[in-house]
Amino acid sequence: MTEFARTGGRAADQLRPVRITRGFTVHAEGSVLIEFGQTRVLCTASVEEKVPPHKKGSGEGWVTAEYGMLPRATHTRSSREAAKGKQTGRTQEIQRLIGRSMRAVFDLKRLGERTIHLDCDVLQADGGTRTAAITGAFVAAQDAVGKLLAEGKLATTPIVQPVAAVSVGIVEGTPLLDLEYVEDSACDTDMNVVMTGAGHFVEVQGTAEGAAFTRAEMDQLLQLADKGIQELIALQLAALAG
Amino acid sequence: MTEFARTGGRAADQLRPVRITRGFTVHAEGSVLIEFGQTRVLCTASVEEKVPPHKKGSGEGWVTAEYGMLPRATHTRSSREAAKGKQTGRTQEIQRLIGRSMRAVFDLKRLGERTIHLDCDVLQADGGTRTAAITGAFVAAQDAVGKLLAEGKLATTPIVQPVAAVSVGIVEGTPLLDLEYVEDSACDTDMNVVMTGAGHFVEVQGTAEGAAFTRAEMDQLLQLADKGIQELIALQLAALAG
Amino acid sequence: MTEFARTGGRAADQLRPVRITRGFTVHAEGSVLIEFGQTRVLCTASVEEKVPPHKKGSGEGWVTAEYGMLPRATHTRSSREAAKGKQTGRTQEIQRLIGRSMRAVFDLKRLGERTIHLDCDVLQADGGTRTAAITGAFVAAQDAVGKLLAEGKLATTPIVQPVAAVSVGIVEGTPLLDLEYVEDSACDTDMNVVMTGAGHFVEVQGTAEGAAFTRAEMDQLLQLADKGIQELIALQLAALAG
Amino acid sequence: MTEFARTGGRAADQLRPVRITRGFTVHAEGSVLIEFGQTRVLCTASVEEKVPPHKKGSGEGWVTAEYGMLPRATHTRSSREAAKGKQTGRTQEIQRLIGRSMRAVFDLKRLGERTIHLDCDVLQADGGTRTAAITGAFVAAQDAVGKLLAEGKLATTPIVQPVAAVSVGIVEGTPLLDLEYVEDSACDTDMNVVMTGAGHFVEVQGTAEGAAFTRAEMDQLLQLADKGIQELIALQLAALAG
Amino acid sequence: MTEFARTGGRAADQLRPVRITRGFTVHAEGSVLIEFGQTRVLCTASVEEKVPPHKKGSGEGWVTAEYGMLPRATHTRSSREAAKGKQTGRTQEIQRLIGRSMRAVFDLKRLGERTIHLDCDVLQADGGTRTAAITGAFVAAQDAVGKLLAEGKLATTPIVQPVAAVSVGIVEGTPLLDLEYVEDSACDTDMNVVMTGAGHFVEVQGTAEGAAFTRAEMDQLLQLADKGIQELIALQLAALAG
Amino acid sequence: MTEFARTGGRAADQLRPVRITRGFTVHAEGSVLIEFGQTRVLCTASVEEKVPPHKKGSGEGWVTAEYGMLPRATHTRSSREAAKGKQTGRTQEIQRLIGRSMRAVFDLKRLGERTIHLDCDVLQADGGTRTAAITGAFVAAQDAVGKLLAEGKLATTPIVQPVAAVSVGIVEGTPLLDLEYVEDSACDTDMNVVMTGAGHFVEVQGTAEGAAFTRAEMDQLLQLADKGIQELIALQLAALAG
């Protein structure tokens, strides 16, 4: 279907090899290393028995995310946000996206007045860090919730359904699933799609990097994303069953 | 088509009254007050005869945007970003969106080594400030370019085509065009769409605030957006012809 | 009386055309656009039903001000304070001046434990932005107080008397009232005067930009300021009666 | 003339004991400890052989000032600005005032392309720190210039005339010269006056802390200030002759 | 020799199991995961072909380090420095220590005008993160230098000798080598020692957390450190030979 | 014993002239100017009747320190930390060291729920500012505690024993006590030692600036430090007896 040659002969509609390692670090309630090919993101879920001010006394919990990238996760070293004293707009955009995506599958009432912090730190970047982060954060959150259930702090799970994310894009006229860095840099259109296990959209963020894209192209991209996310959710469930 | 009663009996697929006032302030190369109903954004275009470091020596220009909201543009006063010492994640997300949208219709080579700064400041907010900002910024940019052409600093326009934006969303099951604040607060799905005069997409940002949305709903929303943006582009051109 | 030719043949002791538009925006308890010629400042008054820590439990209220300038309010674009992450010394100096000036005519006991925030944002600058801000903020504050009285939250007004401000200066040897930008840049002495309706001083801030000024010159400037402020207070009252 | 009893039986128009110690520290080109009674400010002048960007290539020099207060210079400890990560509005206001006052007596052309930094650090505060700072900074600047002359880096002095400052105010109806802290806290009107050796005004900053003040009161205050500044300038010259 | 029971029956003078994994990530010129028991630090070395301002034109290079800890590297989540907008004093202290330690074994002249950035990021913390960081950073630096040699950018290595670090401390009267977190929390005296391959000291930082320590205790600790560091340097060399 | 010629013929194991002036400023509960030769540090102790959050309700007090240097305390002016908006790593390192050193001789339980803030501000620097600061801060703390005892707020002193600090180093092969600036710049090894009146170590911080140092050198340095600190403690006690 594609003329654009992908690394390792990958098909246009094929995900990179995905690896999900639970319990990657020992302290967090959930700790998952997720790999989309060369992209590696450590996602931890931390449970805190209190909520931010806007939720105090509401009977509801909160789920929030932070995102970071180690300075040399990338081809050339980028400066450390902590040293510069502020997070870039890109970082803030991504962590807001992860937070919204996770809350979309949480019933905050059932969570009770506690917070789940999802920290997504990119150890190595090769495109798709935000979609890997969302996909991995879900597994970490699931583990943290599992622990709360096991400890009897929760009677029923507040997680309503799975959520995962993938990037899609058009490179040299070919719609591709799960872009790696060289594809991402070359693409005309870049779209990040977040979907639930039921196949519904949580977020769609499409950007024309080069030429604006047509409705027909958008339809192709959404279809690719749908295929990829179904596969990712199967991989999440397999990892959680493991 | 809708059961949800909109302010002033507005139809589900109807824009709010749009007003575009050019030359709203005197110093900027382009200065436009744009009103989407009660939402009022002042968009100025400032030409600077130099480029940021990453464009130096490239022969290309740069187009960038900043966004702000006066503290009492909203129903209750929000704190002043300058006083707090930082811009919120929301502000950064919006100004990055405006910048990308404008660059999508600029040929940076033809602009030459100069920068156009678009400042979009919300004087009064009632939903849709970012889409009004994009729509107004285009007119301001056009005026700034017109001035460069008139002064002989540019031989041909670097603007390739018009660009405009609108929000769409689903409120109580009804897809609506150009959400005002009460609708935005109540909606399940919120989507901001940026399109060119040719009817192609520059940005699509859809978010499920409540339930995740289906492909069919997405299709309805994109169709509404398409209708709205065609009308907005006609209004931009009329204002520029005026 | 003067040899220095002012814009539009204005006399040395003449104010620029002053326009006061109440209800310029809809959300704030008081919202005034004040124009001193080409200088335009939007002054909003926001009522908050609590006080800062140093007033808690005192039975007294608080009145405070913030000042800002849109990046392209000026001839050349200045950088956005929110983006730089801090307010300049000039901004802080001005907002402290506005705050003190407003508190000078407020009986904070009668205000009760609430705060009035005055936001003065310069949409267009042509000299005298701080004096326009004080003059406009008084009208906005009056409107906010009027609303509190109408709602029965206050039984009697906490505003003791009107307050207004004007700049005066010596340009090429001629004392001038209400300097516009080109005069301000050229002047040797620049003085901002804040006075009450009773003709008493709230603030006098005179600065020798070039040569130091004599006592005789100071007397001339104070007399000019007195004349201008009487006229401004008449204009405030007329606007409030309107 | 006064009914208000001052510390140590001081007359209403009497300065506190003033002590000026040159060479208080060893590294700076000028280093002066100035004491107005219990107020003690260390003023150093540092010469730097370059100018800030806005003066580059102008052939002119620059004179600038910074102001600080040690955390326990005051009755109760105030937090350290360096630890909080920003200077207060008050600090910025004061250092801008000192800088303008010093530049008023400098011929920047004759200074050549170099900068004199005046650092005024309050070791102990008892009212009048900014006026002591200006008065002391002049002596430190004079010493630094003396060194440049001695080294042959300057042929003629860029200092045109002396400058000094004093506070005046009305306490319980009595106009007082050189307010100490308890007077400053109790006063209705507080005025800081900066004057040259020729008896002309460089800055007049009067503020009604309580009731607004009349023209007659202002005249009394300016007269007191004039008397005090003449005495301070005599003390500066005596110290420099010493 | 000890009465204090260590995890896994470890002897008082025994290191935790140390693992050094080279090439842990793919982009950096050197990338080492170092593990001291449960403590895991990712150390990357990045070569940049320029030097900081203070080394420009000196013909010398620079070696510098930054340190960070993922929010959930620890037992309870700590807040993200990038989000708070500043690095803690502890972080700065540690990264300065790492930088000095590495420069102690570099001949900066032989490095030429380039910079090696060492980023030490703690993925999991269980005591001794700074000593693991130094020990791992040396291996990463060695790999980066190896690459420069292989590419012909360097003719001879600028690394003079190996360097490693270990913590020692007194817990309940017993001197222990290589403290893990529970020991570190319980210790009276905590000492971090950095030594070269030649057995000389680069840094000794001893702190009495509880009672002050005697000269005899210090001697015992230094001896333990010496033993540990000899073993660590053997492990570094083995890893580099691997 | 030494071949390196020290200023004023000082012996290698000799302290500079030390002067301790109590009551240097009037407001603080303890205020000490300490001079180690040309190094002069003002140390104030401020008592606050509350504790930081981590000590609330613990029944224990807190002792903390802050450190600063006036911009022109040094040979060339360094920029003001308050103006730059952050403290350097060096400043934070030093103030943490001072705080730990002081807490080492305080029984926080006996202090009760109050805080002693020690502010150490360098008026003039000539090497050894941190050790002078610790030595002076102890005297200021003692004075503050004396005041609390005199006022009956404390029944018994929370100070367990004296503490003082000194620097030692090896310059051109010679171990020297109490380095002044030129020695500090030239030294191969620099060590700061903090000891109690009982002759035990609170902190030992040794750094090889040039060549790494041997165990034998370290022993020599520790012996020198021991001698110097015994003398400093005698001087503290003499000053407190005065």
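Each chain gets a letter, A, B, C, D, E and F, in the order it is written, and its residues are counted from 1.
Assume contacts are C-beta pairs under 8 Å (C-beta built on N, C-alpha and C of every residue); 3 or more make two chains touch, one makes a residue touch a chain.
Here the structure is a predicted model, which is why all the values come from computation and not from measurement.
Between chain D and chain E, the least number of touch steps comes to 2. Using CA-based centroids throughout, the chain positioned farthest away from chain F is B.
For C-D, the equivalent interface among the listed pairs A-E, A-B or B-C is A-B, as over half of the contact pairs agree by residue number. Taking the mean of the C-alpha atoms as each chain's centre, chain A and chain D sit 59 Å apart. Chain D and chain F, compared by their mean Cα positions, are separated by 33 Å.
Taking each chain's centre as the mean of its C-alpha atoms, chain E lies 28 Å from chain F.
Between chain A and chain C, the centres computed from C-alpha atoms are 51 Å apart. Residues of chain E in contact with two or more other chains: 85-86.
Traversing the ring of touching chains from chain A and stepping first to chain B, the chains occur in the order A, B, C, D, F, E.
Taken together, the chain C residues at the contact with chain D in this complex read 86, 89-90, 92-93, 95-96, 100, 104, 191, 195-196, 198, 200-208, 211-215, 218, 222, 226.
Per the touch definition, chain D reaches chain F in the complex via residues 25-28, 31, 38, 40, 42, 44, 46, 48, 66, 68, 70-77, 80-83, 85-87, 91, 117, 119, 121, 123-125.
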